[in-house]
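Labels A, B, C and D are assigned to the chains in the order they are written; within every chain, residues are numbered from 1.
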Amino acid sequence: MKIGMIGLGRMGRNMADRIKGAGHGVVGYDLSPESGRDVDSLEALVKALDAPRAIWVMVPAGKPIEETIDRLHDLLEPGDLVIDGGNTRFTQDQEHAKRLAERGIGLVDVGTSNGIWGKEKGYALMAGGSDEDYQRILPILEALKPEGENGLVHAGGIGAGHYVKMVHNGIEYGMMQALAEGYAIMQASPLVKNPDAVAASWREGSVIKSWLLDLMVKALQEDPGLEHIAGKADESGEAKWMVQDALELGVPVPVTTASLYARQDSQIDDPVTMKVVSALRAEFGGHPIAKE
Amino acid sequence: MKIGMIGLGRMGRNMADRIKGAGHGVVGYDLSPESGRDVDSLEALVKALDAPRAIWVMVPAGKPIEETIDRLHDLLEPGDLVIDGGNTRFTQDQEHAKRLAERGIGLVDVGTSNGIWGKEKGYALMAGGSDEDYQRILPILEALKPEGENGLVHAGGIGAGHYVKMVHNGIEYGMMQALAEGYAIMQASPLVKNPDAVAASWREGSVIKSWLLDLMVKALQEDPGLEHIAGKADESGEAKWMVQDALELGVPVPVTTASLYARQDSQIDDPVTMKVVSALRAEFGGHPIAKE
Amino acid sequence: MKIGMIGLGRMGRNMADRIKGAGHGVVGYDLSPESGRDVDSLEALVKALDAPRAIWVMVPAGKPIEETIDRLHDLLEPGDLVIDGGNTRFTQDQEHAKRLAERGIGLVDVGTSNGIWGKEKGYALMAGGSDEDYQRILPILEALKPEGENGLVHAGGIGAGHYVKMVHNGIEYGMMQALAEGYAIMQASPLVKNPDAVAASWREGSVIKSWLLDLMVKALQEDPGLEHIAGKADESGEAKWMVQDALELGVPVPVTTASLYARQDSQIDDPVTMKVVSALRAEFGGHPIAKE
Amino acid sequence: MKIGMIGLGRMGRNMADRIKGAGHGVVGYDLSPESGRDVDSLEALVKALDAPRAIWVMVPAGKPIEETIDRLHDLLEPGDLVIDGGNTRFTQDQEHAKRLAERGIGLVDVGTSNGIWGKEKGYALMAGGSDEDYQRILPILEALKPEGENGLVHAGGIGAGHYVKMVHNGIEYGMMQALAEGYAIMQASPLVKNPDAVAASWREGSVIKSWLLDLMVKALQEDPGLEHIAGKADESGEAKWMVQDALELGVPVPVTTASLYARQDSQIDDPVTMKVVSALRAEFGGHPIAKE
């Protein structure tokens, strides 16, 4: 099978290589001439593929995916298929599908996990779309997934792939924060001699053994006590979308929410909430107030 | 009635004045010669009062109250009564009472609210101890409380006064944080023209009208947008004790806890939890990491 | 001034009465013939008013307000003005305004507070819209608001009225939950003799004195210990919308969120999350598992 | 090496078997005659071992461990060593050590993980105590731990073993709740066709691959949709102690706390907090109230 690949950043390049490694053809395009692209325009990409085409898009959520969908809407033909492998919000998938369907173009949304480890070990893939479209790209999905029976699921209709990837990331936020809280209290407690060694010991025989624990131990080996890392963490959107949808569904997700708030807090230098609390304490109790 | 007052800081001085204003006698003692104390030692304080004595102690929780209880244990006589008007943890009250009872000395614990406003408007008082001891100091409690039927309660046995004051303060934390979150989102939203004016409008006809709202509006009038106040708030212990006891009782108190955590977060410059999360994101996703 | 009023339920009826009490004219319409309506159709309502008209709409959010906006879009004339006094989500206001503007009709969104107490004491009003439209309906707003300088604010452009009412309600959620947690721990603690009396005592001289505390005491007087009330609480939407927007703005609102989750939890009989936790505990620890 | 084992329930029995499997001797005692005990009294256990003795205690926290420590205090000789392998609170370890030291008896506290899987795969062990005592029992610890370099740590002085086991369990709570929230939202969303299949797919190539995920998938295979499991989960104490100590240390642990509260909530049928909220909504808004 031969597909197009739009976006040859770290993720797209690695995925293209893994697909080619499985014996398929890939025509790659990227905005940047330094990307090692095979063609230098979307028009050329479309020409380089025989109809019906399948084009995997691996570009950032937001404006880049919106623009790419718009361009493909104009350039592709009825019967062609777009695979969005990025982190698009599931609500957008449904709009993209509607727009592409105006011209008879299909869409499959695929959530992918495993980051920089996927090229070698395979990517966990979660796909949304019709059974027919899913079957059509199955050879590519099989090439990308890890060995074994797991690592690939057809999660539901349009949007379901990105939806369950969003949920996966929400779980990831909670697990990371759980590990972080445990490590932080060990570092603060005078009782614990060597928190890094304790974390390492948990890698076998414990209930919390996990890849994230392994990675935490690796990070602690590279930088004991994490002394050289700043206490700030970004958020990437998925946990936020998950909480917003959970609110609609009436499913309380306090751990996902708390994990997200912890990251947001770490990005705020001078929280307005604490200005209010500090001002109130001064008003009723004469408590001293820090001035800026 | 004539009582002793130990601790003539802002709170103790104001309370002594209010008690004297109601026609009672107060002999004041403080460690500091600049306090305007009536006597210059605890021994002199004890001598200046006729048995059976009642001595109101208004010193900080922790070491100061521990030392004062120890000294009074030695200096007072059977039948005397100690009133602890400070912010002692309720679990300590029970130890203090046991210790004083060895020498036949009684204890009443009194939680007091209203901070710097109490001298003029009266203090909300919450007392713990026996009915007999409560009745004995009722004239003083009546002098300190606000006008009207509310503002004074005999909450239960030893420790109950500080317990319900602790609960009062836990509620206070939650209410303050609720106001703070509402103000913060208004300041962040491009839709809201003047958050300070909105807050002021709520003072009448709204469901959230409250003294804390009044104080927030006062603070906003003094410093519009709270631009000159740092986004850091201290915690004073009571909410922490409340959460710890709620955990024992199996009563979830998520709002009190979240309010406390928000203050603790504001005191931490470089949270270890976020170091862990940031390190993990770099390990699995190659996300950039801020170095210190 | 003479206005139309659509929706003569408890809120609309009381507001119409208060407006009339201030000397203005009100033509009332409601779907129900039993409502005491002045006219029996929207067409008749429009005819009963001289252009340029101002019509206050007091119907539930969701389908009722959508249908009413649609009908008024068709029936009204350029220069007329719709006032949405309900609990519409602020994002909808902007769509309604755009739709009405197609025919030259204006919109002011007004958040109102004070529930069943408003008829007598006045309603806190928060308005969104242009300065011109706000000035035009100011006589009506003045009639509805409480006495004194507070209780009315022009919060910003279209949507700002409902936005700050949403924030008001979010704060209300947090304050209520704070009071609830304090009361619950007092009822659970063996130390506290009479939680209802403690709550009553806080009405004067305490930092947490507030209308909500007064109402809690009133409820406790009507039903000591709240023994006859079920431990379930509904949510009305505003806190949910506030959390969703706070997530977009990157402003953590943990107390508002926790208050909302507590209500959602109370509506769920058999939480799936706890099924998972219970199943996991059985898998790794052989912990007993409750079967359904 | 030959040791005593007190407590031959599921955990103690399995551990004794694993120790014997490594070529050591174990003299087992349990209160129950049906336990397959080797001796029928603590006195007989002590006699059956040569001084200096090492006795592993595997009894529940609370009264059972308190009584066992008391008995061993009286029966053992100077130079003997008690190993507490249960879930004792770390603060109690320090009291136990002090008490045993009065008679020259040592203590090592050992947190153990892996539940019913440990007999075959080994137990993760976290020990607290002096270097000398730790070295003395190292052969036994080596017999119990899993194969490989991980699974055993000397975490610090007395109490440190149970402390880091407590932290391990706190992390476990957070991870379980994170998985639970993710599964629950997938079950609630109309987009996701088969949540069980999605969870299974995550076992390979995903960031959240972990033993707990494996166990969740196993549970879902045994009972698809977890339809036959009640939505209630117990708590075992460790997360509670962790939150209480985190509060003392000033380290916010919102995810651990939220996980614990979710379990506590699931045990409460008729929460007082929601009675208060419901009563307040009725007072100010006339909202309907469910009666009991």
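As a convention for this text, a contact is a pair of C-beta atoms (placed from the backbone, for glycine too) under 8 Å apart; a residue touches a chain by one contact, two chains touch by 3 or more.
Predicted, not measured: the structure shown is a model, and the values here were computed from it.
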item	value
Any chain in contact with chain A as well as chain C	B, D
Label of the chain whose CA centroid is most distant from the centroid of chain A	B
Length of the line joining the C-alpha centres of chain A and chain D, rounded to whole Å	34
Distance from the mean Cα position of chain B to that of chain A, given in whole angstrom	46
Rounded Å distance between chain B and chain D, as computed from the means of their C-alpha atoms	37
Residues within chain B bordering two or more other chains	114-115, 177, 179, 181, 184, 188, 207, 211-212, 250-252, 254, 257-258, 261-262, 265, 268, 271-273, 284
Residues of chain D that touch chain A when the two form their complex	90, 113-115, 118, 121-126, 128, 145-148, 150-157, 159-160, 163-164, 167-175, 177-179, 181-182, 184-186, 188-189, 191-194, 197-198, 200-213, 242, 245-246, 249-259, 261-262
Residues of chain D that touch chain C when the two form their complex	10, 114-117, 176-177, 179-181, 183-184, 187-188, 211-212, 215-216, 218-220, 223, 226-234, 254, 262-263, 265-266, 268-287, 289-292
Complex interface listing, chain D residues touching chain B	207, 240, 243-244, 247-248, 250-252, 254, 257-258, 260-261, 264-265, 267-268, 271-273, 284
